[in-house]
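Some structures to go through are shown next.
Below, chain A partners chain B and then partners chain C, in two separate complexes.
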Partner chain A sequence: MGLARYTLWRVVQAVPVLIGIITITFFLANQIPGDPVQTMLGPNPGQEQVEAIQARYGLDRPIHERYLSYLSGVAAGNLGLSIYYDRPVLEMIMLRLPVTLLLMLSAFAFAIATAIPLGIISAKRRNKPADHVSRIVSLIGVSTPSFWIGLVLIIVFAFYLGWFPARGLVLPWADPADVRGAETQFQVIRTAAHHLFLPMIALGTLQMAQITRIERSAMVDSLQGEYVKLARAYGVPESTIVRKHAFQVAQLPVITIIGLGLSTALGGAVLTETVFEIQGMGRLIITAINNQDYELIMGTTFMFGVAYVVGVIITDIAYAYIDPRVTYGDET
Partner chain B sequence: MSTPHGGDPDTETTQESTATEESGAGDVQSRVGMRYTLSQVKRDTTALIGIYIVGFITLVALFAAIDYYIFDYAIAEAIMYNPERDPDEVNRLLPPVGMENQFGSGVLEHPLGTDHRGRDIFSRLVYGTRVAMTVGFMATAIGLVGGTLVGAVSGFYGGWIDDVLQRFTETIYAIPFLVLVIAFMTAFGRDLTFAMIGVGITAIPVFNRLIRSRVVSIREEDYIEAARAAGVKDRHIIFRHIIPNSFAPVLVQATLQVGVSILIVAGLSFLGFGAQPPTPSWGQMLSQSRGYMLPAPTFSIWPGLAILFTVIGFNILGDGLQDALDPRINN
Partner chain C sequence: MTTPLLTVDNLKTQFFTEDGTVRAVDGISFDVYPGEIVGLVGESGAGKSVATSSILRLVDSPGEIVDGTITFKEKTLFGLEAGPDGEPRPSEEMLTEEEMRKEVRGREIAIIFQDPMESLNPVFTVGGQLREFIELNRDLPTEEAKQEAIDMLREVGIPDPENRYDEYPHQFSGGMRQRVLIAMAIACRPDLIIADEPTTALDVTVEGQILELVAELQEKYDTAFIWVTHDMSVVAEICDRVNVMYLGEIIEQAHVDDLFYNTKHPYTQALLNSIPRPDETIEELDPIKGVMPEAINPPSGCRFHSRCPEAREVCQRVHPEPRDLSANDRPHNAACVKYDVFDVGYDASPPLETDATGGFSAGLTQTESEAEADGGDR
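Presenting the complex of A and B:
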C-alpha cells in the first residue's frame, strides 16, 4: 500500500470515531438542563413565539429524529444554526478556528524547536549537569498548569517589563486596515508575532517538557543500539552518528507523544485563550455553554474532535513516513 | 491491592495452584506485589522524595477534610483562619509578610497575604488541598476501575466485544478531555462530584490501553493456558491472574494520573467548573486572582505553586516507581 492509500485508509477509519463524537456530543447537549428558548426570549414569552422558535430550530421534534437529522446535516457540512446568535454554527467556527490552529501550531513549533536540542544534549551528557538541568526543567514543565504559566508570563512580561501585550491575538494574514497601528502586511505580521509570543509559551511548555523527556530516553536507547556501536567501530565521527544514525530512529516515539499531546494541547488552548482573552474556539465553546446554545456547543465540541482526529492522522502518516519498518498495514 | 496469591485461600482451587507452580509463575508474581514494590522504592532516592511530598500533601488534605466534615472549620478558626469566612473588606489584597503594596503592608497573621475579599490566602491554600486530592484520587480510581474492566474484558475475549469496546474508548479519547469534561459537566452538573466522574471517564482510555495490551500478551502465557485447561473460570483468570500481574505498570500509571487529574481539575475550576465558591480550590483562587494581577501579583503566584508542588510530587513518585520496578534498569 502506498502512502496515499494509507492516508485514505486512515481517513476512512476515522469515520466511525467521528460519528461516535457526534453521538456523544448530541446526547450530552440534550442533557443540558434549562430551556434555550427561554434563554432567548426572556422569562415570559408568548406561546406562539415559543412554538415559532422551536419549529425554526427543530426543537419540537422527538430526540431520535433530531439526532438523525443532525447526523445527516453534519455529513452534508451543516452544523446547524446557533440558537443564541442566529447564525450558522459552521460560519462562527470558521471565524475562530484559524486563531486556535495558529496558537496550537506555534505552541508545537516552539515545543519541538526547544525540546529536541534539550533532549539530545541530555542524552549525550547523561547524568552530567546539563542533563540534570534539562530533566528538572522538563519535570517542572509537565507539572505546571498552562494557564498559570500564562498568568505568570502576563505579570512579568506584560505588566512589569511591558515587553509583550497581555491580551488578544492578531492573525498574521489580517488586513492592515483592520489592525491598529499597522500600515503594511509586514507590520501586521510583526504585531501578530508580538501577540502570539506569550500564549505560545504558555501553551507550548507542557508539550516541550513531554517531548524533551521522550527525546532524551529515545536518544539514550538509540545511542546504545547495535547500529550505533557498529558505526563507532568503523570510526564514524560521534557528531555524524548522532545526526545521521541515532536521530532518525529516536524521532518515532517523539511523533507518538506529539500525537498523544494533541488532546492536552487542545484542552490547554481553551485555558490559554481564557487567560489571554483570545477569541478562538476555546472561548467560543465557553460562551456557547454560558448561553445554553445547544447547536453551538455540539458544533464546537465536534470540531475539537475533528481537530484531534486530523492531528492524529497527520502524526500517523509522519510516523509511517519516517519509520522504514512500517509497511502501511498490508504486510506483516 | 492484594498480591496474586495473597488473597483468601478458600477460592484457590488445587488444580489452579498446581498449574501456576508448574509454570513457574510464582517467580513472576513475587516480583510484582506490594512488598516487592516497597523494597524497590526504598532503594530509589527519587521515588522516596516523591513519597515524602505526596505523603505530606495527603496529610494536609486529610487534616483539611477532617476539619471540614467533622469540625466545620473549628480547628481552622483556632489555629489560623476560616477559609470560607465572611469578607473582610478592610484587609483586602494584603501582600505577603515583609512586602508592601498599595493596599498596605504584609502582616504575620496573613503570612501569604489576603485575597480580594480579605480572606487569608494561606488557610485557603491549606483547605484547597482537600479538593485537589479528593478529585485527583477519586477521578483516578474511577478511571482505574473503569479502564481495567474495559481493558481486561476487551483483551481477554477479543473479537467483536474487543472491537466495540475499543471503538468506544477511542471515541472518548478523540474528544480533547478538557472539552469533554466541560460538556459532561454542563449536561449533568457543575459541582465537584461531576468533576470527579468527568475526569475519571477521561482516564478510562488510558488504563484500558495499558491493561488490554498486558492482557493480550499474558493471555498466551503457559500458566494462563494451564489454568484454562484445568477448568478455571474466565472471570477468575482475569481477576486473580491477569490484573494482579499488571500491578507494576498500573501503579506507575495511576500515580502519574493523579497528577494529571489534579491539573485538569485546576483548569476546570479556573473556568468556573468544579468546587463552587466559597469552597476553597486552587484553580478557583487563580481565576479570582486574574482581576488583581497588577496591584497584587502574589495572589496569582501561591495557588499555582501549590499545584506545581503537588503535581511534581506525583510525577517524581511515578517516575521513581517506574525506575524501581523496571527490571531492565535494575539489571
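Presenting the complex of A and C:
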C-alpha cells in the first residue's frame, strides 16, 4: 500500500469514530438539565410561544427521530441551527474556527521551532550548563498551566510594559478597513502578529516544554546508537551525524508527542481564548454550554472531535512517512 | 618481513568511573602487517573492543587513552611527549581529530561491528547508507558511488542488488545485514579492516558463510584484518597470527599454528580446551573455571592467577611481561612465569589453591559452605 492509499484508509477508518462522537455528544447534550426554550423565553413563557420555538428547532419530535435526522444532516454538511445566535451552526464555526486554528498553529510553530534546537543542544551538551538551563525551563513549562502563563504575560507585557495588547485577536487576512489603525494589508498582518504574540506563547509553552524533553531524551538515545558509532567510524562529520543520522531516528517519539499535544492544546486553546478574550472556538463552546444551545454544543464538540481525529491521522501518516518499519496495514 | 602497517605499542586505555579507574586496556603491544589477518582473542570484558576503538581514537566517554603509541603507515594516530611542565601531552606528530576523521576513519581503517541488527540506521535505505560512506571515503560523485554500492552489494552475495539497494535494514536478515556491513568496509578500500566479533550475533551456518566470504574478499583486495573474537575455532579458521588478551593485557602472541600446536600460556590452553577440536574427544571439553575479575582492581602478579590451574605462590607476586619463547624462527611471546626464562623461582614455589585447581580441596570448600548454609536454616 502506498502512502496515499494509507492516508485514505486512515480517513475511512475515522468515520465510525466520528459517528461515535456524534452519538455520544447528541445524547449527552440532550441530558443537560434545563431547557433551551426556557433560557430563551424567560421563566414564564406563553404556551404558544414555546410550541412555536420547539417546532422551529425540531424539539417537538421524539429523540430517536431527532438523532437520525441530525446524523443525516451532518452527513450532508448541515450542523443545524444555533438557538442562541439564531444562525446556522456551521456558519458560526466557520467564523470562529480560523481564529482557533491560527492560535493553535502559531503556538505549535513557536513550540517546535524553539523545542527542537533546545532539545538537540541539551542532548549534545548533556549534563553541562546549557542542558541544565534547558531542562529547568522545560520542567517549569510542563508544570505551569497555560491560563496562568497567560495571566502573567498579560500583567507583565500588557499592563506594566505595554508592549503587547492584552485582549482580542486580529486575523492577518482581515480587510484593512475593518481593523483599527490599519490602512494596508501589511499593517493588518503586523497588528495580527502583535495580538497573536502573547496568546501564542501562553498556549505554546507547555508544548514547547514537552517537545524539548522528548527531543532531548530521544537524541540522547539516538546519539548512543550503534549506527552513530558506525557513522563516526567511517569519518562522517559530527554535524552531519547530529543533523541527519541521529536526528531522523529521534523524530519518531517527537512526532508522537506533537500529535498528542494537538489534542491537549485544544483544551488549552479554550482557556487561552478565555484569558485573552479571543473570539474563537473555545469561547463558542462555552457560550453554547452556558446557553444550552443544543445544536451549537453538538456542532462545536463534533468539530473538536474532528480536530482530534485529524491530529491522530496526521501523526500516523508522518510516522509512516519517516519510519520505514511501519507497514501500511498489510504484510505482503 | 616488510614494515608493519599498524604498530600498537604499550597502549593503555582507562575509564574514569565513579567506582574507580577501569584499566580496560593495560599496556598492549602488537603489529599488523599488510594483508594479514591478526586475531585478538579473549573472553568478554578482556578489553578487545576498547583496544579497537582506541586505534580509531573513538573511545567512549569516560574513557581515555592514557599512554602508548599507535602508528599507522607513518602516521601517528596516538602519541605522547613530555610537555614543558613535565606532564605528558599529545605529541607534535599526532593527527588532529579532524585529520583522524578525514584521513583515517573509513578511508584507511574501516570497522565492522558485532551487532548487524543495530549497526545500520533503521530510517535510511541500506544502499543510501553504503553510498554515503563510499562518497565520503573515496571522493566519488553520487552517481558513481551508487553504482559502486550496488556492485559491492553484489560482491558480498546479496541477490538482486539493484532492488535491494532501496530497501531498509529491517527488510534484511541478520546475515544479510552483516554482509552489508562487510560491503561498507571493503567498499571504502581501506588498508586495514577491524572486525569486532562480526559473527558472534549470527548462527553457526551463517557464521561459516560469512567467514568464507571474508576469506575470499581478503584475498581479492589484500586487505589486512584485525579479527576480534572470543571463539578459538574462528581463530583457527581465519587468522594468520593471534594475540590472546586477558584482563587488559596480551598474554600470548604467536603464529596461529604455534598457538594451537605449541601453546605456551595456561590461559590460551584453557581457551583451547573449551572448544571442540577434531583431534579431541568430547570428554576433554573443559570450560574455563571461574569468572574474569574486574578491570578496576586487577589481581596482583599474574592477572590469571585466580583461575590458573598451574598457579603457584610466586604468581601472586610477580607480574610477567611477555617474553619470546619461540622454538622456531617465528616469534612466540607469552607472559607466564612457569617458563625458565622468567627465572623467579616458580618450580620452588608452593602451589596455589584457585578456582581451577579443583579436586579435593575445592570439593571440601564447597561442602563446607553448603553445610554452613544448612546450619543457617536450622
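As a convention for this text, the second predicted complex is superposed on the first by the 331 of 332 C-alpha atoms of A that agree within 3 Å, B and C clash if a C-alpha of one lies under 4 Å from a C-alpha of the other, contacts with A are read in each partner's own complex, and residues count from 1 in each chain.
Methods note: contacts are C-beta pairs under 8 Å (C-beta built on N, C-alpha and C of every residue); 3 or more make two chains touch, one makes a residue touch a chain.
These figures come from a predicted structure and were not determined experimentally.
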### Message
Do chain B and chain C fit side by side on chain A in the superposed arrangement, or is it a clash?
### Response
fit
### Query
Who does A:20 touch here: chain B (first), chain C (second), both, or neither?
first
### Message
In the superposed model, which partner reaches more residues of chain A, chain B or chain C?
### Response
B
### Query
Touching A:180, do we find chain B (first), chain C (second), both, or neither?
neither
### Task
In the overlay, answer first, second, both or neither for which of chain B and chain C A:237 touches.
second
### Summary
Quick note, chain A centre (C-alpha) to chain B and to chain C: the enclosed angle in degrees to the nearest 10 is 70
### Task
Give one of first, second, both or neither to describe whether A:297 is in contact with chain B, with chain C, with both, or with none.
first
### Task
With the two complexes superposed on chain A, say which partner A:268 touches: chain B (first), chain C (second), both, or neither.
first
### Query
How far apart, in Å, are the nearest Cα atoms of chain B and chain C after the overlay?
14
#### Entry: Sites on chain A touched by chain B in the complex
16-17, 20-21, 24-25, 28-32, 139-140, 142-148, 151-152, 154-155, 159, 262-264, 266-268, 270-271, 274-275, 285-286, 289, 297, 300-301, 304-305, 307-309, 312
#### Entry: Interface residues, chain A side, partner chain C - complex
225-227, 229-237, 245, 248-249, 322-325
### Query
chain A touches which residues of chain C in the complex?
56, 58, 101-102, 104-107, 110-111, 113, 115, 118-125, 132-133, 136-137, 168, 170, 181, 184, 188
### Message
For a test of understanding, state which residues of chain B touch chain A in their complex under the given definition.
### Response
167-168, 170-180, 182-184, 186-188, 259, 263-264, 266-267, 270-271, 283, 286, 289-290, 293-294, 297, 300-301, 303-304, 307-308, 311-312, 315-316, 319
